[in-house]
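In what follows, chain A forms one complex with chain B and a second complex with chain C.
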Partner chain A sequence: MKSISLYEERASFVHDVDPITKLWYILFAILIPIILPSFTISFLFVGISLVLLLAAQVIRKTIPVFGFVFLILITVVIIQGMFKPENETVLFQIGPLTMYKEGLLYALTITLRVINIIGAFMILILTTKPSDLVESLVRKGMSPRIGYVISSVFQIIPEMMSSMGTIMDAQRARGMETEGNLLVRIKAFLPLLGPVVLGSLINTKERAMALEVRGFNSQVPKTYLYEEKKYRYSRALQIAMLLLTVTALAWRIFL
Partner chain B sequence: MKKIIVEGLKYKYPLAEALALNDVTFHVEQGEFIGIIGKNSAGKSTLCQALVGLVPHFYKGAYGGKVIVDGLEVKNRSIADISLKVGMVFQNPFSQVTGSKMTVYEEIAFGLENIGIPRSEIIDRIDSVLNLLKIEQVKNHNPFDLSGGQMQRMAIASIIAMKPEILVLDEPTSQLDPAGSEEVFQAIQSLSKQGITVILAEHKMEKVAQYCDRVLLLNDGKIVDFATPEKIFSREDLEEQGISAPVYTRVCKALGVKKTGTDEYPVTLEDAEKALRGRVV
Partner chain C sequence: MIKVSNLSFSYGKGTPLLSGINLEFDQRSTAIIGQNGAGKTTFVKLLKGLLKADEGEVTIQDRDIKTETAAELAKTIGLVFQNPNDQIFKRSVLDEVMFGPLNIKLDKARAREYAFQALKMVELDDKLESNPHDLSLSEKKLLCIASIVAMDPDIIILDEPTIAQDHSGKEKIRQIIKTLKDRNKLVMTIIHDMDFVAENFERTIVFNEGRVLLDGDTRQVFSQKEMLEKANVEPPGITQLAEKLGFKDTILTVEEFINMK
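Moving on, here comes the complex of A and B:
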């Protein structure tokens, strides 16, 4: 079945780290550059994230994501470089367009921040099974109902898409035109909505009943098929990140 | 011991005009294998759902009378409480897949995790139901990638793993081929022999005749008859009730051959053979 999850199965120490520690890392990687806003720190964190992605052998999967993000960042660079109100120092000129130093430096800060945040999230998303993440959150006290909603989305959406394909085929078999110019395609799309939406509603009702009889609303404390995923150094990593954050705060306040 | 007591059960779905169940009364003993038959919209599924509490708790609607399963009055208990005693398998295997689990193995574990079974026992139970329903070979597949028949076996396995004392099955073999249905029926029969009470709504009359101890015939939400398969399928008004007897019974009826020493027609292949041979020789 086609999956909409980006998880990549690999054998690496990054994959072995438990999801909670990865969540900590996201927070850590976002907080520190805010506390200590220097280029060195930002570059350092982008570097760490990239090294971790490399170590996890998932760097190739990040290319389309970064590609998309760069598209947006380019507009930031252009707009800030040309039009930031504090712009004074002319860096270079291309025809009538002038790029200023202040704007470009500011754009660089934003770019580094964005890449840093995306990188930290990619570590979590590419190296953690969605079900593992949800399970560890439920163990930490998140409601199992919310957990169910999150993890079922990864399967129900592709299912809905495949049932949409079936309905579209059935309608094509009865002579509906589904290919051609935009207008034809929009016309073909409208009659799809009824069956897909109603069908999903009916399925949802039946699924809700099936969940009920399988004790979904049971008040008994839940147990788990798998043992909790534990990484040997996760406690140490978490404490280290906490200490570094405190140190960074102290540095910022007192020095 | 009476496992299921239904007294004067009346039920109307919200927004419906007619009663879906009208004054239904019957008792079931522990360990019995009961078949529910009747034409479409006779009330079979509604009755099944009334035994697990989906009627009335899930649908709401107008409810009267009493349903007591294993000492619990359905009206006053939550579905979660009842689900510990009564397991139900639905018609459509597809919508019974939870969608939150990536493999068949985890899917079967879903119910067990919810009711707080310890980890080591979860694993034991899953292994035994995978074996009972012969789906070990697909245990690491994604539930949505299974064929209809395998999905149906998985749905049954998921409920059986929860070890209910009463098992309610609503057309559990609709997607299975004849050999597959036979296997599933045998698996259910072996559970029934272990003392589990089984309630089964089904259209395959040959199977009902072969496996059920008693058969409940429904029409328009009312009980027409509740008796042994021989007695039910020997009725003269089956056509008016919208069902047809097993093919063996029809053959024997056409030939006028009754079971020796009774006023009833044979309902299984073995009995029909016995009765017909007795006449030929």
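Moving on, here comes the complex of A and C:
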């Protein structure tokens, strides 16, 4: 079954870092450029994220994501560059279109922030198994029920996709045309919904019963399926990130 | 009826799941056996046009199926899937069975007539207005067989027909296969129930790691103990008992066993 997780198995120190530290990094990478809003800081964090993605050997996997994000950011650059109310200084003109310095700088700020956030999240998503992330959060106090809901999404969606494929095959086997123009495809899609939804409901009911008979709601402390992922320098990294955030705050307030 | 030449198939760019398959199917009822992952289901999906071969060719009744969609092939070849829950679309048993005939453009009266006959064959004609989802798993399986039979294709493939069937269910399926054979249909099955194969199928093909390991009359195939072991297939219980008792001939059924004594 095809997984919906973007996790990429590689041997790198970024993969070895525990999920909680990676969550800390996301928060850190988002907060610092907000606290210290300079281009240098933003570029620095984009650089750190890219270096980490390179070290994790997953940079290729980020190309489609960044490609999609750039597509949206281009519209931000065009709109802000031309129409921001504070625009005063003309930078260049292309025919009747005028680009302004203020708008472009603002668009650059937004672009850097978005790339920074996406980069930080990609480090977590591409180098962490969803099950490891959920289990780490449960160990930190998140309800096992919520943990199960999150991890079950990673199982249920591929199951539904696979069952949609089988149901579509069954329809084709019984003479229903599913290949062809848009209308034919829409016509074939509608009868799919019944068995897919019904099948999912039946599966959910059976899954709930299976969980129940295996003591999911038992009140005794739970043990974990996987060994806790520990990284030697996790504590040091977390403390360093906390100290840097406090320093950045102090810098912003007092200097 | 079906000719398969040099057929190869792989999912994606990986190792071929099927390679170099050359087979010809005549009117004889045929069982395809082999361990899980041997390529049986993929092979029948290729015959049905649900998958397209990487290499090779499949001709059904002298038509190359490459240019036809699975839906177009539905008039000629029917496939009953393993899990009935994946192939039930309608809210009444009769509508469910009429779904296929209407798709292949039979008029409503004929579709109804064919559906009724098929339901009679599987003994569900007293449940025409029932919701298919209220049927037992065994009945759902029979309903799915009726849904294909009602389309009157010349070739019918049953994927694991005996799953979830008790003795009487198996008897019904045995009767259905016999009736279809009497109507000159080519009945094929993918199955793990070797007793059922021995009792009901004239020809057996053993798949192993994407290739045809054995092909021949069922008796001849079940006599090849070492080859079957290679494919992780056990001969029927009665065949093994007879062999252990020192019978020279390959025994396929209890009746044969008794008569040999």
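The criterion applied here is as follows: the second predicted complex is superposed on the first by the 254 of 255 C-alpha atoms of A that agree within 3 Å, B and C clash if a C-alpha of one lies under 4 Å from a C-alpha of the other, contacts with A are read in each partner's own complex, and residues count from 1 in each chain.
Heads up, the rule we're going with is that contacts are C-beta pairs under 8 Å (C-beta built on N, C-alpha and C of every residue); 3 or more make two chains touch, one makes a residue touch a chain.
Quantities reported herein were computed from a predicted structural model and do not represent experimental measurements.
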item	value
Partner chain in contact with A:151 - chain B first, chain C second, else both or neither	first
Touched partner set for A:195, first chain B, second chain C, both or neither	second
Which superposed partner A:179 touches (first chain B, second chain C, both, neither)	second
Chain B versus chain C as contact partner of A:142, first or second or both or neither	neither
Dominant contact partner of chain A by residue count, chain C or chain B	B
Touched partner set for A:26, first chain B, second chain C, both or neither	neither
Contacts of A:227 with chain B and chain C, given as first, second, both or neither	first
Chain B versus chain C as contact partner of A:170, first or second or both or neither	second
Chain B/chain C common contact set on chain A	202
Residues on chain C engaged by chain A in the complex (per definition of touch)	45, 48-50, 69-72, 74-75, 78-79, 81, 83, 85-89, 99-100, 103-104, 133, 147-148, 151
Chain A-touching residues of chain B, taken from the complex the two chains share	49, 52, 54, 58, 78-80, 83-84, 86-88, 90, 92, 94-102, 105-106, 109-119, 122-123, 142, 144-145, 155, 158-159, 162
Complex contact set, residues of chain A against chain B	1, 129, 131, 134, 144, 147-148, 151-152, 155-156, 159, 202-203, 206-225, 227
Chain C partner contacts - residues on chain A that touch it in the complex	163, 166-167, 169-179, 191, 194-195, 198-199, 202
